[in-house]
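The structure appears right after this line, and notes come after that.
Chain naming follows the written order as A, B, C and D, and within any one chain the residues start at number 1.
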């Protein structure tokens, strides 16, 4: 009865990410779909509109990989570890080719996903008043509220339009084969980004049995009906972290500022680590098992909660 | 360091629910704050504006208790078990006194809480087009989107205004003394109703140690900074159910249609079970321990998840 | 239990069987408790094996150990695949357009499938105050199509003019300047037969009657001048297998079957 | 470790100590990583025992086993009191008005506390592309007040005209016809001293200098004609106890202290 939506990364990207598509990659420091980004580079996708709140290393790699025509984002930086070399070159010098950039604030992006997920024509928010961002982004507009403000005066508020990506790709700890996806730790904007999209690919550390998911249905951040492909890809978020699975590779973040500063070095890095590997398993083999010892995490288990079970009449006396 | 916000039900209601206040009680079939409603009746509050999506038994009781001047709701019925006698009398006959009623749909109410929680002047939604509800509720208005519709034409959409209750009261499984509140099973609109309110009372089955909450921070639906009072009141949702703690008292739901049909019988019921009991402990004692055997539930434990712990350098080699 | 009584079919059984057949090949259904529960459970075993029921309470992929008594019954939650907060259920799933078929009931329906579940009489001083919209207005506005199940087909429920329109179909939305997102009511399943309409701008027409029910009887039971489809058919009575599934597997304790 | 070196105070220590003092009696702070982490951790031990830090990543009530390296560090999540989805963090907590003080940095600030974190030069062809708003615009618009910490007080950062206004204060919002919800920047803490303003309509004024810093030096380091408060004071140097707490308890591994 349950559909089986598991696919290989190669097939999922080939089927759902097409040239010219609008692709959202979400994950805020945690659960970044890096392996999916690398596969997009391997398959040589072009002219993508990339939607991503925090444009970071995987964004820089996709731009350097020649995949991205336009970026929609609210933060373009390598976390606290430095700069994104390729992104800055494209924006500051237009070399080797210009990058279209549509700039928002974080909540502006969140409200775009909210409007997209809810099929709303717009979403209001209390930001942008007096900012120069609307002057360089005509998609950010104003609406007059039909209710008076606190002093009885007409009240204006900024709004943003919905975003409806052709496909959203997120990374998560685990899912069942149908696509019921569980996330813990930072859950970010993943559910909204998936619901806003026409198609959704969920990349997971583990595909698990139905019973695992069903023992804790509140943990399901994305229900199966919103998912088109489930890709099992352990360690697919590296260099980002996955709560309870592995830690952030801080050294890699710091090294990216150097790698990306020199365009030739950056292309050599892509040739060696992305285009030169057949898939994420080869990328991992190249990193080496020893590398993961440094990123290992210990145990901090949640305490179980009781969901309860309805007792048959005969059991009821005995339960107390 | 951590504030202790625990209070008795009597003190919490006395301090935060005042005559004439706008009071939201939320909980959708699950986790209904019945005991808090009873305490409001015991303390004889008057002229309340009661905000509640699904106006059900506790609403009928509050109206019959003389506490409510105005009801804001999207569903007025005793679940699948029949009618709310007092509410129907007030609306159909205006006897013993009329009840103001502001009617919405469920999503209209949800969007009012969303706007309230987000300090938005309004929230758009795709309902109400062609409905007679806006003709009897002038708070529901229209806005023209600043973005063209799919055919390039101007697009209109209905909006609702924020609701900001003076106090929101919810029931939950557990909280720590500061107010970090965990809910599982149906989580409903509780978080939004709390964030929309100036003050919030959380009634819980159990006040638990900090470590219990902190072992699973994703389970915290309402963080402590949004809570003003934590009231420990076991079985305080009866006749509603609490996932994992006790089941719904279906017999009571069915009996309410009969009790509430006759205004004198209803007042006798209130005299006996609410005004005639000092607090919820007395109400429970009156029901009797045996009553709870019929509502007992069995065990269905969630499987724990690993939140992970950062290892010291020396531990890292050993962990693999 | 009465395994062989396939001759006598109750009204609940009939409606559940017909509704299950109409759900063929649909993926997601938004439904309440009672008849809809029976219809979807039967569809899962017959016409639509992959169908998923989404409950207004936020439960997706329920695997209840017993037949649920309310849309929020604890048995729907335990062992389910996902429990969504209301903002996600109403905002992302329903308004987001993820529902193929919404199942609704109502006190009154008109020829366009507009529904009243608020009041009988004047809203300001009603003869009967009904529960109101709940999520019905949202189910109507956002589902791809809506099926209505009416236990009793009579002129008090099938009216020329609603006392109050709670949940409007797309024609009324358009008249109000609002772009509709779904087709509105496409099927009405009653104890007399099936009314249907192809989409926006079409009134409900009688497309099938139950065995032994005449067109005249249906037209008399309808408060407006009911159109009859050229290709009027007779509803195939419940098969023995459909009844067996309903009685033995879906509702052996007769929670909803009457 | 150098327990006795209270004589030499580093710039990080100085800024963290001053910021911690300014946080006295506040309840909720929205903050990033680095200096703000140090300042809040010190405030918890001195001026504001009940203060709660809310991180942009959604973490409330963190109890990290180590000093976090990013606002989303795994050590912030494990053992925390709540982890909120972004819709709740930005919508209910920040825009909902639950934050007393937002702590921000910026590449440029002007006399009204408007901030630029987007570009140096023209936005369309910038000399330097900076990260952009992130949540800074929302912190500015929604916090009751905002403190800005600037490691280097110089005319390139303290400018008469911003190259681009990313995060506007309330005066600019009003000029754009938008009702502001907070007071904007009320404190700017720098390596030379403290600027402050009482609220909407007031420019930043120099209210205190660090020991040995002259008013002239601060005015020269500021790109606009800086007003000086009548009641100008000298910042009390970090006490031995403040430095001990920072060095031995808050950041013994010298993650942020330099």
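Please note the rule applied: contacts are C-beta pairs under 8 Å (C-beta built on N, C-alpha and C of every residue); 3 or more make two chains touch, one makes a residue touch a chain.
Composition by chain, UniProt nomenclature: A, B = CoA transferase subunit A; C, D = 3-oxoadipate--succinyl-CoA transferase subunit B.
Values in this document were obtained by computation on a predicted structure and should not be read as measured data.
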Max Cα-centre separation from chain B (CoA transferase subunit A) goes to chain D
Using the touch rule from the top, work out which pair, A-C or A-D, shares more C-beta pairs. A-D
What whole-Å value do you get for the distance between chain B (CoA transferase subunit A) and chain D if each is reduced to the mean of its CA atoms? 38
Using mean CA coordinates as chain centres, what's the chain B (CoA transferase subunit A)-chain C distance in Å? 29
Scan chain B (CoA transferase subunit A) for residues touching two or more other chains and write them down. 114, 118-120, 125-126, 142, 149, 155, 157, 185, 187, 191-192, 215, 218, 243, 247, 297, 300, 307-310
Residue numbers in chain C touching two or more further chains are 59, 74, 77-79, 83, 87, 91, 95, 142, 181
Graph shape for the chains shown, where an edge means the two chains touch. Line, ring, star, complete, or other? other
Tell me, which pairs of chains are in touch? A-B, A-C, A-D, B-C, B-D
Residues of chain D touching chain A (CoA transferase subunit A) in their complex? 33-34, 56-59, 69-74, 77-79, 83, 85-87, 90-91, 94-95, 114, 118, 123-138, 141-142, 164-169, 171-181
Within the complex, which stretch of chain A (CoA transferase subunit A) touches chain C? 1-3, 114, 117-120, 176, 178, 180, 191-192, 195, 210, 213-215, 217-218, 220, 223-226, 307-310
Given the complex, residues on chain A (CoA transferase subunit A) that touch chain B (CoA transferase subunit A) span 118-126, 141-147, 149, 155, 157, 159, 161, 173, 182, 184-185, 187, 212, 215-216, 218-219, 243-245, 247, 289, 292-294, 296-311, 315-317, 319-320
Please name which positions on chain D make contact with chain B (CoA transferase subunit A) in the complex. 27-28, 44, 49-50, 52, 54, 59-61, 63, 65-66, 74-75, 77-84, 88, 91-93, 95-98, 142, 181
What residues on chain B (CoA transferase subunit A) touch chain C, complex-wise? 28-30, 54, 73-77, 79-80, 87-88, 91-92, 94, 103-108, 110, 114, 125-133, 136, 142, 149-150, 155-158, 185-189, 191-192, 241, 243, 247-248, 250, 297, 300
